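The letters A, B, C and D name the chains in turn, as written, and every chain counts its residues from 1.
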Amino acid sequence: MTEWELRNTRDGYAEALLELGEKDPRIVVLDADLAKSTQTEKFKLRFPERFVDCGVAEQNLMATAAGLAATGKIVFASTFAIFATGRAYDQVRNTIAYSDLNVKICASHGGITVGEDGSSHQALEDITLMRAVPRMKVVVPADYFEAREAVKAVAYLDGPAYVRLGRPKVPVLFGEDYRFRFGKALVMRPGRDVTVIACGYLLHKALLAAEELSGEGIEAEVINLHTVKPLDREGLLESAARTGRVVTCEEHTVHGGVGSAVAELLAEEMPLPMRMVGIRDRFGTSGAAEELVEHYGLGARHIAEAARRLCHGDNGGKPRR
Amino acid sequence: MRPASELERHGNMSGVGPGTEGMVLEGTEAEELRKRLETISRELRRDIVRMIGLAGSGHPGGSLSCVEILAGLYFYKMRHRPEDPDWPLRDRFVLSKGHAAPALYAVLARCGYFDREELWRLRRLGSMLQGHPDRLRTPGVEISTGSLGQGLSAACGMALGLRMDGLPSRVYALVGDGESQEGGIWEAAMLAAHQRLDNLTAILDNNGLQIDGRCCEVVSLGDLPAKWRSFGWEVQEVDGHDVLEICEALDRADAAQGPGIIIARTVKGKGVSFMENNVDFHGKAPTREEMERALEELGEGT
Amino acid sequence: MTEWELRNTRDGYAEALLELGEKDPRIVVLDADLAKSTQTEKFKLRFPERFVDCGVAEQNLMATAAGLAATGKIVFASTFAIFATGRAYDQVRNTIAYSDLNVKICASHGGITVGEDGSSHQALEDITLMRAVPRMKVVVPADYFEAREAVKAVAYLDGPAYVRLGRPKVPVLFGEDYRFRFGKALVMRPGRDVTVIACGYLLHKALLAAEELSGEGIEAEVINLHTVKPLDREGLLESAARTGRVVTCEEHTVHGGVGSAVAELLAEEMPLPMRMVGIRDRFGTSGAAEELVEHYGLGARHIAEAARRLCHGDNGGKPRR
Amino acid sequence: MRPASELERHGNMSGVGPGTEGMVLEGTEAEELRKRLETISRELRRDIVRMIGLAGSGHPGGSLSCVEILAGLYFYKMRHRPEDPDWPLRDRFVLSKGHAAPALYAVLARCGYFDREELWRLRRLGSMLQGHPDRLRTPGVEISTGSLGQGLSAACGMALGLRMDGLPSRVYALVGDGESQEGGIWEAAMLAAHQRLDNLTAILDNNGLQIDGRCCEVVSLGDLPAKWRSFGWEVQEVDGHDVLEICEALDRADAAQGPGIIIARTVKGKGVSFMENNVDFHGKAPTREEMERALEELGEGT
């Protein structure tokens, strides 16, 4: 197996913030006593006059961000994903999004891979929550470079956006020259037998699964769904139409998340057999990131198994009774 | 601080308000101001009652209690340009207690932000005047509110942003007493004090009532001035139906060393006998007959 | 057309609370300055010592409810749906549900039919949010009687539950003798051509739509999905297998809501053509309840049209390209 | 109030603590108490350091700052029965600042709620000891915490519930100073005062630090005693590392007319030289070497 370079998505975020801050005086960054973890501290050190720490007060963080944006700022608001989306949901919904303001919520510690801190810190519903908010864009970068470029891209999209960043280091899949195309699903590996849709931490797992499957003669098309909302309907349907089977992968609940988004699309446009790799109505728990990926059935082998079952026709497509 | 050229770029500073600082209001000038604002207030009340009466739903109580406050802000204190709602040097107003939207709409219409006829389409499908303030639809609304306890935070953000740009604009936020039970208010209070936002003034519409009854019976707000002082704010207390007291307090707030709050003693439903201090009229529209009666009391036709 | 008796679901809630309170001293009710609207005031007047008004403080409402439940109480916590689920999401998730406590969140003013108050008060994502919370049960009663019986049922289910009540009066569909079966989808009208799944306010619309369709020779099976979570997988699949087509109806966003729940199920178990009647990434707006139902495409005619299109094979079931 | 028979039904009132009220601690008895609690505190610190060191992650700073407070609660003040964690008459403790879980776990283990060996499995997959307190897994944990600003509300709910049942149990909640920036704390504060919850005592671990730095630099908490007084609470201030001061304050709190708060001046990382007042050790585990050094400082082996 290849040795992958490992880097943080939040470092990509910090890097993007520095670049943005350098050339655009409208960029302002807020945090809620987690500047070291979210990495906004780097921006704070460089541009202290454009950084505000709101303390442990996520509701105020978000509504303050809205007010700042109303004065023409492009505001990045950061904290852990669970608090950004859950603790401040009403502020995000009613003050930021309903006012259609330029607040970019870039939250770290999305997903089960938060690890040892356990359930109260593992955001497993943040994608669901942000997807439910009208006007909200939702992006889940898979590596350092994608995070960096995605952040730069959303900075200049109108209105609110949510970017989900992770805690652990993840394999570097892209390079310096990576061009992030907001809203456009990216085929990472073409295939004809099954479409595997993944984002964030699980994209790498999906690629590993595809390798494993390839050895068995199953060619999986791996799609990087970095933009979960708006969904690239065209791109996904095109691939699904070719393969006839879909697996979705997320370190997140399947209720309302990526799997759900794809299921909504397919159900209305192109009903096809599907499997969702994700977390099913369970809270998180303490453990090492990779251990938890295994524990919750989110590993490469689980993805491969889901695809395998679909391809071997395990009631795929046909009504059970 | 932002360079002076920035100010110049935006043109002169004249808005509607005089932008006075610490002026003492006395003599004939003061009496004229009082008369002017009282007349305006009465007319605003009539618009509010009619608006809600015609809509058939809405919040008369808390709209009527803040009329003099809004009159003092929009017709005396604030620099703003109704013909240019986005004028960068304008002062900002945030209606944190968003359900008092009718009061704000009446004021904005009277200022000329939009046609007064719009008022009679309040809460109708497609109307520019939503049940709660909507910044995307209503000229003059700075930010959408309606979910309580968020507007003061938004005002903090505005004050921060304006200060970053070195702009002299001030930010005003109107908060309810019931609303002050929201923790978000105290989060904002703490941040504003820490950031010494001397361009931020909150006004508390201290009408003593919320929905389920008197605040002191639902969840008592206790010693409000002490609370705000302990959170590092400069506190003034005024009669919220005395327009001159309000104007003076607004002027004095210009000189605050940090964020300031004007605690305005008010009467919920003020101006309409059967609505005054009547918790039932928090969120209930007057019937057609009640509306007529209220308009009569408010000197309709004179 | 029949003249329907109209009653509030929240009145059913209040009635149930009185019954429960009478016979079970553990029942405690909390509200957040909306006791008149949610109708908990009736309980307050009868059992003042077991009622606590938390004021305009929804976060505290929910975490206080958790504490009360931890002392052995069965706690009903009420406010508007948007504040119960959005403003207090983190409290509901991390303190109530993660602690698995007996807090029954019975929120009124769910859906677009809130009407004139407009967007900030119209909960269009509450089902999505509560469905995403592990252990949370989600019930959406359709009339006075169902509300009353559902509330009594969830009182004695272990752990947290969410009951969505509406603002407007709705047609009475059931009677005094209605027996609510938690978790069991209820066939309201059998049919062979299409399964129409609805709940809450739209159940009546679905029945009207079925009548309309019947006139055209399309027999719709109308299912009352009062329990949105856990989903009655068996019941839904059984019907879907028979009809081969599914329409879902909700006065709620389709992102993560009822449509999404059904799409998730079908995608994995029985891919079938489907249409979702619901709100698509839009905020609410002021207007009369019925006007808004029309405006957002949630009326009987919209439901009928969705079913009609499915039945007439408008790309139903077949890939588009 | 609940009838006496209810109390009888639950059997006698003896728990671990003496349930003293307003007793003054002096003389040899006091000195023995001091010695006992100081010894316990040192041992608890060792367990905390080892636990986090072995886990490789966790929050040493805020765990070490509240050791004497927890020792005073669990080994002096609270009535509880480790062998019967659900004993209805027990006093309740809520760790609102949930990240200090290691301190709580060390205390619970020492009380006998579970085997001490469990401590070394902190934060491991499947462990009974989660990164933050989990009431379903850990005997003695009354409610799950970890998301700040909710525990005090939960404690309010417990106090309300116990009062409804006429039970004499008291509820204690430990709150962080950084945590006090959460609005939820002030919502709870307001409700508790309104409800005159004299069976509720909060203890503030006033160590002056949060994650991003000193509280006074991040978002200043200003005059905390004034804040709590203005919210209607009885305030006591103590040295949070003086076990006798803590015990006395806990005793005095029994007599409060409403909710009371003990503001405890503490040192974050207390007891380990290189962790004391060092914000870096808020949420970072010591390395193996640092752990050994810390254990040595804490008198390991003696």
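Criterion: contacts are C-beta pairs under 8 Å (C-beta built on N, C-alpha and C of every residue); 3 or more make two chains touch, one makes a residue touch a chain.
All figures in this text were calculated on a predicted structure; none of them were measured in a lab.
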For this session: Spell out the chains that contact chain A while also contacting chain B.
Result: C, D
Exercise. Quick one: which chain's Cα centre is the longest way from chain A's?
Worked result: B
Exercise. Which chains touch each other through the most C-beta pairs?
Worked result: A-C
For this session: Provide the C-alpha centroid distance between chain C and chain D, rounded to the nearest whole angstrom.
Result: 41
Problem set entry | Gap in Å, rounded to a whole number, between the CA centres of chain D and chain A | 37
Seminar exercise, completed: Rounded to the nearest Å, the gap separating the Cα centres of chain A and chain C is 29
For this session: Note the residues in chain C that touch 2 or more other chains, in rising order.
Result: 54-55, 57, 59-60, 82-83, 87, 90, 94, 98, 119-120
Seminar exercise, completed: Residues of chain B that touch two or more other chains sit at 134, 144-147, 149, 181-184, 187, 190-191, 194, 219
Problem set entry | Chain contact topology (line, ring, star, complete or other) | complete
Problem set entry | chain A contact footprint on chain C (complex, rising order) | 82-83, 86-87, 89-90, 93-94, 97-98, 119-120, 125, 128-129, 131-135, 237-238, 240-241, 246, 253-256, 259-264, 266-276, 281-283, 315, 317-321
Seminar exercise, completed: As the complex stands, chain C meets chain B at residues 31, 33-37, 41, 53-57, 59-60, 82-83, 87, 115-121, 285-288, 291-292, 295
Problem set entry | chain A-touching residues of chain B, taken from the complex the two chains share | 92, 94, 134-136, 142-147, 149-151, 153-162, 164-165, 183-184, 187-188, 190-191, 194-195
For this session: Mind listing the chain D positions that touch chain B in their complex?
Result: 149, 181-187, 190-191, 193-194, 219-223, 226-227, 229-232
Exercise. Which of the residues in chain C come into contact with chain D in the complex?
Worked result: 28, 49-50, 52, 54-55, 57, 59-60, 62-73, 75, 90-91, 94-95, 98-101
